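Following are the structures in question.
Next come two complexes, and both contain chain A; in the first it sits with chain B, in the second with chain C.
Moving on to the complex of A and B:
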């Protein structure tokens, strides 16, 4: 029963988070949401100049700090020009797939918000070929003069949200990369609120991950944590993706040089102890997540990466399993409570 | 200018009905017809007919107005072992608008059209669109057995798009083609008209004017007016001569399309109606595509047909866009045309019984 309550809470958070707009560099609109889902379990919060939002949940001894990082930002578009007929040209913010854009509804965040739709000239219909991003535009239904009065280059364009719960508590919507990570951290903080933990937990909603993990670098510099765990999403299997994690089979623990081997092993053992199913992914190079920046912070920070399997990444129909999100949060909570006072489990003994 | 019953248009455009599965749309239309005091009749193709006699002293001229109920969509053709759905399009849909879109199966079950994440695509994959048979729908099912509990082969999957306002004068909805025609026809049938009116809401237009073919065998009128939504290609910097129609420049009179060569005397009459009543009018600057007029013109002994359309951007996608002002002018033009045809002079000129006699006088 309690499990079901937690699951519906997760689904609710995913729906709320997906509906908000937080394109890289413009994450402020999520502050209220973060206060609701993280802030209530924490004692302090603050923002920094890059757009990171920090929340502190003090531990019993506070001997060390554990940094839990999930990025707030999502991919989007930015206005570059308005053409002679009032159609808005744009550039991508983050890894946007042009093939998924035609006929998508968007919001242009100009002097006032405008609804629009991504269009292309009928002459672009070339059998089998996608319309290149530079040939797409936003139609907001006004003439050039009116469009120029309402928006200008540099304004952000976000994708109009649509969220649905499919079968098996599978949730689909925009920006679940990485609202799913934010939701997992919410579960973690909620679980921790009833448990003793030695170390301070700093939960950070990092900014600008989608354009190169910029927030994570400055967040880690400020936090000076003894341990960092990045919480993000990873590719899940679909008919056209075979080599990947599976939806609904639990969190994914990454192995590879970007991740501290002993911390990774510790996370895996915690999952086994708690009977939380987990999957493994191998990253032979720096990962495309905040973990790549967290590891290099200060004198180097033992870092782990826990990911939630997700299908159709960087589209408007990103799909995750709510139970995966919940289990990710539970694993994080177990990891935080289990770390010893001196963190000796992370010491290399060559 | 507002749409008189925009709520009705929004409701109709949000309903799901691909060719052969028009039931929900038909029920909504039949309910509305009863509400306005008419008796809907449904035939075995699913076409709905309603008749409205003029007030006492009205003209006996008989106009048949028709709009199609079906929209373009997808039919489920296969359920894969791991619970995904494959599909085939019913009607013309550009594959470019399918990746990463929402669908609704059988009018209620949500799903998404998946696409391989950009991070995982090889360079050559980024340069092409998936073939239709490579697309799949994800409903969250973990296996074929689970999916089969929710979906049957042949079920429709409709494109999902909400109702939005765009700019000051535009509306954006899913199936304006041709729920806009259905809404206008319902508005016309709800009011007193100067002549005999038969309103028909046809089935299966998008897969080859199938409903209209059966209808034409049954009903003969003095004049058929097809109320359609037609492509407006006035997008980005498309050259004027390639735009077909433009939003905001009034309703559209077809000259010729792939199914019909429209009678010049009718085109002239409509031009004159628009000029006299100061209604903006544009001609359809393109001859591709066909509509129910093609089936209705050649049925039985033949009938006079004309198509009057609402210009519509992004037609055959989940985001069709039209102008409220065009809609209001479209309605004005049809009413004006009916009034003209009810005058003794025009009525004699265009009615089936008498028009053959002075055919040389046009």
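Moving on to the complex of A and C:
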């Protein structure tokens, strides 16, 4: 497929993925979407008890397994109570930025889906400080009785902003952390469908990353892969973020003790071979991604982390560049193909 | 609902047992003795977990269920004893000294000491965070003779009190869970193999449950714990109240329960006419987290007893909630598995 066709496919996936709801622990609504964008290039798929969804793309020899992991879940809210006036109180699921919430539209996933708006006391806003999350509520329009007939504690609330297509193949919307990663893996699987690769590829859409990289831990235990690559997003430069990757300058390869040095170097070399521009991110501590769980699950797995630059993380206008997503997918495909010859030669023992 | 007096005596004994994280031996002995008449096998692991097996009754279906309640409690560890016998300490688990000022703590040897807020002293910064120490009224030599030294632990010395409808005291978190497991063990007739785990070291990060789950590799797990009741003055939006029935876990800091699992528990409660409340807490984790993530993942559900003033010596719970939690747990364990 020529470049522009691939780019519009990526943009389409980002728009579709952003519109779906998959708050941590409640990722099931994304199954059909994953079947469409990954499943068509794979032979098998299955789910596990934590909510992970696995897809298998068999290799020629199948001697080893390569685990490619991108988390499906997104941050959101959960209903805790309905107050005497019918306003829905909530708690965060994952790292919700309370500053980004007031006056936003949401969907309450009750007995049926309801649109709501996040309300707050205007006087608090005038005080010049962010309104604490505990003072916010969701207004769906009904009084307490009617609201209680439609929702109850434990129901999920997802964000419902409009997806925006900006200029220069840049897109903005909610949950692009990590629908962008899912899109990159779709590109990878699509590229691989026309190429020979020796080892089995297990693409896993991991659950519950935003609440502590939980799905990745059980996924890696099950897969027992020879190598694992986490695909996620990372902060890109914005007016108040200077020390970060740049949007539109290609995938970001992380270096640090969470990532295996040999596998990291292999990824960098692959990018150079394929003339894919890449950026470097330094992660002195365990990364805030699935890579931290993949590395340590079971007896341990050599792990690499490839990230897509993203602005305004954990807000409702997460912003990514479609070419970055596409190049991330191409780098992954090149890495998988390249490992055909080299996996046996790499000795990952320190 | 009526219950023989001796049942609450068991809870009183359980709360009285000394058992801060990592020093659960006294609690473990008591629980093992109470479980013995109903156990097919009892063992300990290296973390200090007590694992009581009750094999399937009737037509066994070969499924294995882990039922877990932590037996450890919060406390303090002695870090230093000065030349006058004043004892400095570190918290073990979520022990908040400021909430126990003036209260008596008890060491495993039986010696008690009072928890004192240190006087800031003349000319000292009164805005500095307060410091605390324990005073047993003994010299360093006498403390040593009384079996108290650096590394020893102490817990609240409060004894459980009862009203017609409530119990109150220290370590209801989570001896109330241990009580429910023991009461369940006495009654349950299940086609599944049941593993009752009285886990160690939950209060310091759910450590015992992690290794127990790995060792048992169960098909399903139920976690039973105490949880925060917030039906207290000046709280306009109450999530969990005393007397509203057991809490069925939706989420805490360590776990999100699969919607189908919590609905399965809710359906059993509804069919038995047991009232329940949904538990959503955004502070504190439980054994449910590491058990769910053990090996390739374990389906988990959670039951909890709403408890006011958690992590104080005044933890208060409703007797009805405790008994209903037991009834619901029995039903969960006797139900067919999908």
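FYI, the second predicted complex is superposed on the first by the 336 of 350 C-alpha atoms of A that agree within 3 Å, B and C clash if a C-alpha of one lies under 4 Å from a C-alpha of the other, contacts with A are read in each partner's own complex, and residues count from 1 in each chain.
One rule holds in what follows: contacts are C-beta pairs under 8 Å (C-beta built on N, C-alpha and C of every residue); 3 or more make two chains touch, one makes a residue touch a chain.
Please read these numbers as outputs of a predicted model, since none were measured by experiment.
Student: Contacts for A:153 in the overlay, against chain B (first) and chain C (second): which applies, first, second, both or neither?
Tutor: Second partner only, chain C.
Student: With the two structures laid over each other on chain A, which partner does A:311 touch: chain B (first), chain C (second), both, or neither?
Tutor: So A:311 only meets chain B here.
Student: After the superposition on A, what does A:80 contact: first (chain B), second (chain C), both or neither?
Tutor: In the superposition, A:80 contacts chain C only.
Student: After the superposition on A, what does A:48 contact: first (chain B), second (chain C), both or neither?
Tutor: Second partner only, chain C.
Student: Once the shared chain is lined up, is A:110 touching chain B (first), chain C (second), both, or neither of them?
Tutor: In the superposition, A:110 contacts neither chain B nor chain C.
Student: Check the residue A:94 against both partner chains and state whether it touches chain B (first), chain C (second), both, or neither.
Tutor: Neither partner.
Student: Just chain B (first), just chain C (second), both, or neither: which does A:222 touch?
Tutor: After superposing on A, A:222 lies in contact with chain C but is clear of chain B.
Student: Per the contact definition in the header, classify A:208: touching chain B only (first), chain C only (second), both, or neither.
Tutor: second
Student: If you tally the residues of chain A touched by each partner, is the higher count for chain B or for chain C?
Tutor: Between chain B and chain C, B touches the greater number of residues in chain A.
Student: What residues on chain A does chain C touch that chain B touches too?
Tutor: Looking at chain A, the two contact sets intersect at 83-84.
Student: Considering only the defined contacts, which chain B positions touch chain A in the complex?
Tutor: 80, 82, 84, 94-97, 99-102, 110-121, 126-129, 131, 134, 136, 138-142, 146, 150, 160-162, 164-170, 172, 231, 233-238, 242, 313-314, 317-319, 321
Student: Over in the complex, which chain C residues touch chain A? Could you list them?
Tutor: 236-239, 250-251, 254, 256-259, 262, 277-278, 280, 282, 289, 292-293, 295-299
Student: Give every residue of chain A touching chain B within the complex, in rising order.
Tutor: Touching chain B: residues 83-85, 87, 95-97, 99-100, 102-103, 105, 114-117, 119-125, 128-131, 135, 137, 139-142, 146, 162, 164-170, 172, 235, 238-241, 248, 288, 311-317, 319 of chain A.
Student: Flag every residue of chain A that touches chain C in the complex, lowest number first.
Tutor: Contact set of chain A toward chain C: 24-26, 48-52, 78-81, 83-84, 89, 91-93, 152-154, 208, 211-212, 214, 217-218, 221-222.
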